[in-house]
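Below are two complexes that have chain A in common, paired first with chain B and then with chain C.
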Partner chain A sequence: MADLAVTSSPGSVRLPPGIWAVPPLLVLGALFFYPLSLILRQALFGDEGAFSLAHFGEVVGSRLFLDGLYHTLVIAVSATAGCLLLGFVLSLVIAFVPFPGAKLVGRLIDTFIALPTFLVALAFTFIYGSSGLLNESLMRLLDLSLPPVDFLYSQWGVILSEITVYTPFVMRPLLAAFSLVEASQIEVASSLGAKPMRIVRQIILPAALPALIAGGSLCLLLTVNEFGIVLFIGAKDVITLPLLIYDKAIQEFDYTTACIIAVVNVALSLGLYSLYRVAVAHLAGSRAGLV
Partner chain B sequence: MLVWSKAGRVLAWVTAALLFALIYGVPIGVIALASFSGQWNDVLPSHLTLAHYINAMRGDSAEQTQVSIITGFAASAAALICGSWAALALRNLMRLPRRVLDVIFFVPSAVPSVSVGLALLVAFSQPPVLLNGTRAIVLIAHFVLISAFTYGNVAAGLARLPPEYEQVAESLGARPFYRLRRVILPLVAPYLIAAFSLSFALSMGELGATVMIYPPGWVTLPVGIFSLSDRGAIFDASALTMILALSTLLVLVGLSRISSRAAVR
Partner chain C sequence: MATPVSSQALRADDASVSEARSAFSAAAAPLLAGGRVRGIGFKDVTVAYGGLVVLASLTLDVRPGEIVALIGPSGSGKTTALRAVAGFVRPTRGRITIGDRDVTDVAPYARNIGMVVQNYALFPHMRAEENVAFGLRARGVSHAVVRERVPECLRLVGMEAYAKRFPRELSGGQQQRVAIARALAIRPQVLLLDEPLSALDAQIRRSMLDELAKLHRDLPSLTVLYVTHDQTEALTLADHIGIMRDGKLVAFGASRTLYRHPPNRFSAEFLGRANLLPVTSLEPKAGGLAQVRFGEAVLAATNPHGLPQGSQCLLCVRPHDLRLREGEGTHNILAGIVESVQWQGDLHAIALNVQGHKLRLTCAPLGAPPEAGTPLALAFDPHDVTLVPETPPEKPGG
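Up next is the complex of A and B:
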């Protein structure tokens, strides 16, 4: 073996293996980290170039920003809770009450992930909008003059859209985790007289916990960053941080304020991303299906 | 099997099927129906028409479809090269530097797209590099946002590759570049294709960063759809959304067929 190894690289100089990571790092540095650092600079130094925290404090303390932060968090937490619940129920049926076509459903879920998020928001205006499918039907049926269902242009519309869009992101790790649960374990438990609810609580839920945490933290990250849905629903009093950044930069050309909000938003996202990484790291062995 | 009684099983399926249809079937069905609607003032559209698709096939909308597809392919190709390069380079590193670099290559996926757009706007509106108002800045934004996903997909594929193949090739005297070209890349080809199709889909649907930086004359489909629906032309917006979804799916299905053929070989 030894001489084979020698003949394999005659005369070639061994470069340190890390050297190959440099070109993609340079690309990412120039196109991502450098621009990102300029956001921080603009937030702290403004247009004049003098360091000052006064403007930063002013923006962060403003009603507009606090409302935006509040809406972002409420929407993200509620949507994530909804995704976890719905994703758990749907995955449970797909994995443990097998039916013909379960595989196809799994593929459909994967496809849904690839579609743009605003599709759902657009669809919801047709379904739940003031002159949408549901309201027209109800007004017909019950002989009403005003649309009875009116939640779309509030944070509930955004939350419901986000649950629809992000549930598949919970289902992927959950289905992967469920596929590792021993079928015999469930069969033994049920032959010993355990009811389905008890099996779910005592066998399936513990096995799925890491996947729920990983999927949930990914959901939290994606919902905090969501922009398309909030923009398309366009409710006046539902302004999240990404929408606030867009308004400040594009509508008002106030880059400094936009950068200050972006700094907070990026910090929040990176915090949630670390949470996700920690959760995934604890998921040793069953990483399948996670981005 | 969790539910043993037939009735219980059927109940579980029906509930799941209803939930599924309500949550995923109805929205897609409604968009599809709206894209063919002439007028929709009642419970159902009063008449169906192809006019919105005809509108979508010409003028601005046709141009936007073209822009989106070009941007998607270019950004995904660039991300595929950069992401695969990074994943391959990290393979032979020690544990600690590898984990640090892994996080660095994943970070762009964690940053909100609007902030990425803002960052590029701030960075490239000032010297040394002025790109604001060019097509290149849209490509850069898409590249940055999808690069982490390409990297992740390729790295996952490489992690599943048994190390023996490469060791055997090396012991038989294959040089590194030859090993890469003839052993590793063919083996991870399905992952490369999956990475490309995921990035293409993400790029086609990208809105947050694009809306911050797009120059006039390089409008992508999602931006076009938003301005249509903002103007109240929701049926035209639906038709364009259908075109966006179908062209994305077409590319995904096509690439997954190539990929399964590659996997068989």
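Up next is the complex of A and C:
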């Protein structure tokens, strides 16, 4: 490093310091901001090219949109809560209950993150679907004419699939946080008279809080924008914003409406993201020097 | 390899020390330790990890109100013994008692033990006072008692001014004080300390050592098991010392007795520095002394372990028990050639070659120290040197 700086400094041309920001900004602009601006323009100007908020208000006030927004939020919040709960418990077991193969399980979870999301929806269809493993066996066993288990084709099916898919996203930061909790702290706590639940609440949970917030926010972002799972489950009355955009744009060729919904969806995502940044910054600020 | 000893076997010689201690304990009212004073008992405690024995049949008693130090090199099983008392390792064999309660199968949180570890293990998101209150809250103690006892414990370790600080805002020594206050707040029957000073630098370690000694004077009814690899800490604090090696207790006794009359070579070398000269025991003399032959010389030494006449044994001479010969004395003289002389500020360290054996001597700084290569004669009091049984040669790597 040192001699590199020495050899390059005297002869080389001095570039303005901001110059290196230009290429990434150009790429970002071409790939991200430009299409985004097109969507925004389509949403506000429509096909006619005249600025009007009337159509915007119409769409945003429509029954279809409000239903979609409601479903999107309910599914995202429930799935995130489920992910946090399941992820916390599973990570706790993997990190603190010694059992053979704990490392392997941890690594498997990492692999899980790499898989496409709709795979789980597909697997669920095979297991819980109307002609899936569970229903077939139950029908044969109990001599029924209709499949008895049909939660899959509802909001619950989507939520369950999303929990399955996104729990590893919570577990990864959690396992990292847990590995930093000193075993001696837990031992001292228990010798002071704390039972396991108290240790989890007062020693482990505070240490895992930043990881929980980070993992939860990521989950919320991903579930708000989830498309594959909702499409694959194909529940009739579960329409989320991304699905609505797809319907409007691809099925009905109503690009203006699709773009209006997309703008709302983007705003929702960015809002969640800023909330996440604020939370992380606040946490980092209040524990300066600790993490 | 030395065979394990049990503490009872070696108790006989220290009655006077423990009498003094118990008289002191009875006189001082228990300040913090609640209820009855309890000791710790290990009975044939064995711990193995996957077939590898790391603690072999430990039998040891820590009497109520006394400090016992377990000392030994790294990996000798000291921490394991401590963790067995705390309940974090389950002995594969044997029983552990606190007072007359068998705690072998009791969960750690129900053992009423105070524990202090090397890295302090303070809870990082809690202030000092919250750390101290943790154990009380976990036991469902009322708010009024918590409010009263937390400052009391912080005051005991001189940390009342730092109650509102987070651990990261405290120095190592201060953190260790808070850790001690936290352990004492629950009024434990026994206090377990695992190398509590080893993470501190030398100067702070020295003053913390003084404070631990003072703490025990303030809390004479507290039973303490103190694990360390530092002989100064053990000798300063402990009433009794157990010396561990390869998972076995190889010596146990009153600190002073163990230092003066080590029962084997390992103890002699691990607890303090020792010159060990191979000698042959000749014949007993009056007053517990024995005559031994070292090469050509005939010397007198104490024989507390009753080594029989004619046996090959070791003469243990502490470096500070050797004196330069004055005048023309002829008894207990070791003569050799000076190999090196070092001035270390508060003392002179002299190495001598005596009949092919290296002998070290320390003494107050000399006005005219001997020079390397010159002959020198040393003398010692027979009551200061001890015959130690020669242990069979170690297997390499054992």
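By our rule, the second predicted complex is superposed on the first by the 270 of 291 C-alpha atoms of A that agree within 3 Å, B and C clash if a C-alpha of one lies under 4 Å from a C-alpha of the other, contacts with A are read in each partner's own complex, and residues count from 1 in each chain.
Quick note on the criterion: contacts are C-beta pairs under 8 Å (C-beta built on N, C-alpha and C of every residue); 3 or more make two chains touch, one makes a residue touch a chain.
As the structure is a prediction and not an experimental result, all values here were calculated from the model.
Novice: When the two structures are overlaid on chain A, which partner does A:252 contact: first (chain B), second (chain C), both, or neither?
Specialist: Neither partner.
Novice: Please indicate which partner A:58 is in contact with in the superposed arrangement: first for chain B, second for chain C, both, or neither.
Specialist: Once the two structures are laid over each other on A, A:58 reaches no partner at all.
Novice: If we overlay the two complexes on their shared chain A, which of chain B and chain C does A:198 touch? Say first, second, both or neither.
Specialist: A:198 contacts chain C only, not chain B.
Novice: Touching A:182, do we find chain B (first), chain C (second), both, or neither?
Specialist: So A:182 only meets chain C here.
Novice: Quick check for you: in the superposed arrangement, does A:190 touch first (chain B), second (chain C), both or neither?
Specialist: After superposing on A, A:190 lies in contact with both chain B and chain C.
Novice: So in the superposed three-chain picture, is A:123 touching just chain B, just chain C, both, or none of them (first/second/both/neither)?
Specialist: Touch partner of A:123: chain B, not chain C.
Novice: Considering only the touch criterion stated at the top, classify A:112 as touching first (chain B), second (chain C), both, or neither.
Specialist: The first partner, chain B, only.
Novice: On chain A, which partner touches more residues: chain B or chain C?
Specialist: B
Novice: Would you sort A:92 into first (chain B), second (chain C), both or neither based on which partner it touches?
Specialist: It touches chain B, and chain C stays clear.
Novice: Please indicate which partner A:206 is in contact with in the superposed arrangement: first for chain B, second for chain C, both, or neither.
Specialist: A:206 sits against chain C, while chain B stays out of touch.
Novice: By the touch definition above, which chain A residues appear in both interfaces, chain B in one complex and chain C in the other?
Specialist: Comparing the two interfaces on chain A, one with chain B and one with chain C, the shared residues are 187, 190, 287.
Novice: Mind pulling up the chain B residues that touch chain A in the complex?
Specialist: Touch list, chain B to chain A: 1-4, 8-9, 12-13, 15-16, 19-20, 23-24, 26-28, 30-31, 34, 40-43, 82-83, 85-86, 88-90, 92-93, 97, 101, 103-116, 118-124, 140, 143-144, 147, 149, 152, 156, 170-171, 173-175, 197-198, 201-202, 204-205, 207-208, 211-212, 222, 225-226, 229-230, 234, 237-238, 241, 244-245, 248-249, 252.
Novice: For chain A, which residues are in contact with chain C within the complex?
Specialist: Within the complex, chain A touches chain C at residues 182, 184-185, 187-195, 198, 202-203, 206-207, 287, 289-290.
Novice: Which of the residues in chain C end up touching chain A in this complex?
Specialist: Its residues touching chain A are 83, 86-88, 107-115, 117, 119, 121-125, 134-135, 138-139, 166, 168, 179, 182-183, 186, 192.
Novice: Which residues of chain A touch chain B once you look at their complex with the stated criterion?
Specialist: Counting only chain A, the residues touching chain B are 1, 4-5, 7-9, 17-18, 20-21, 23-25, 27-28, 31-32, 34-36, 38-39, 42, 86, 89-90, 92-94, 96-99, 105, 108, 111-112, 114-120, 122-127, 131, 133, 136-137, 140, 164, 167, 183, 186-187, 190, 196, 199-200, 204, 221, 224-225, 227-228, 231-232, 234, 241-243, 245-246, 249-250, 255, 258-259, 262, 265-266, 269-270, 272-273, 276-277, 287, 291.
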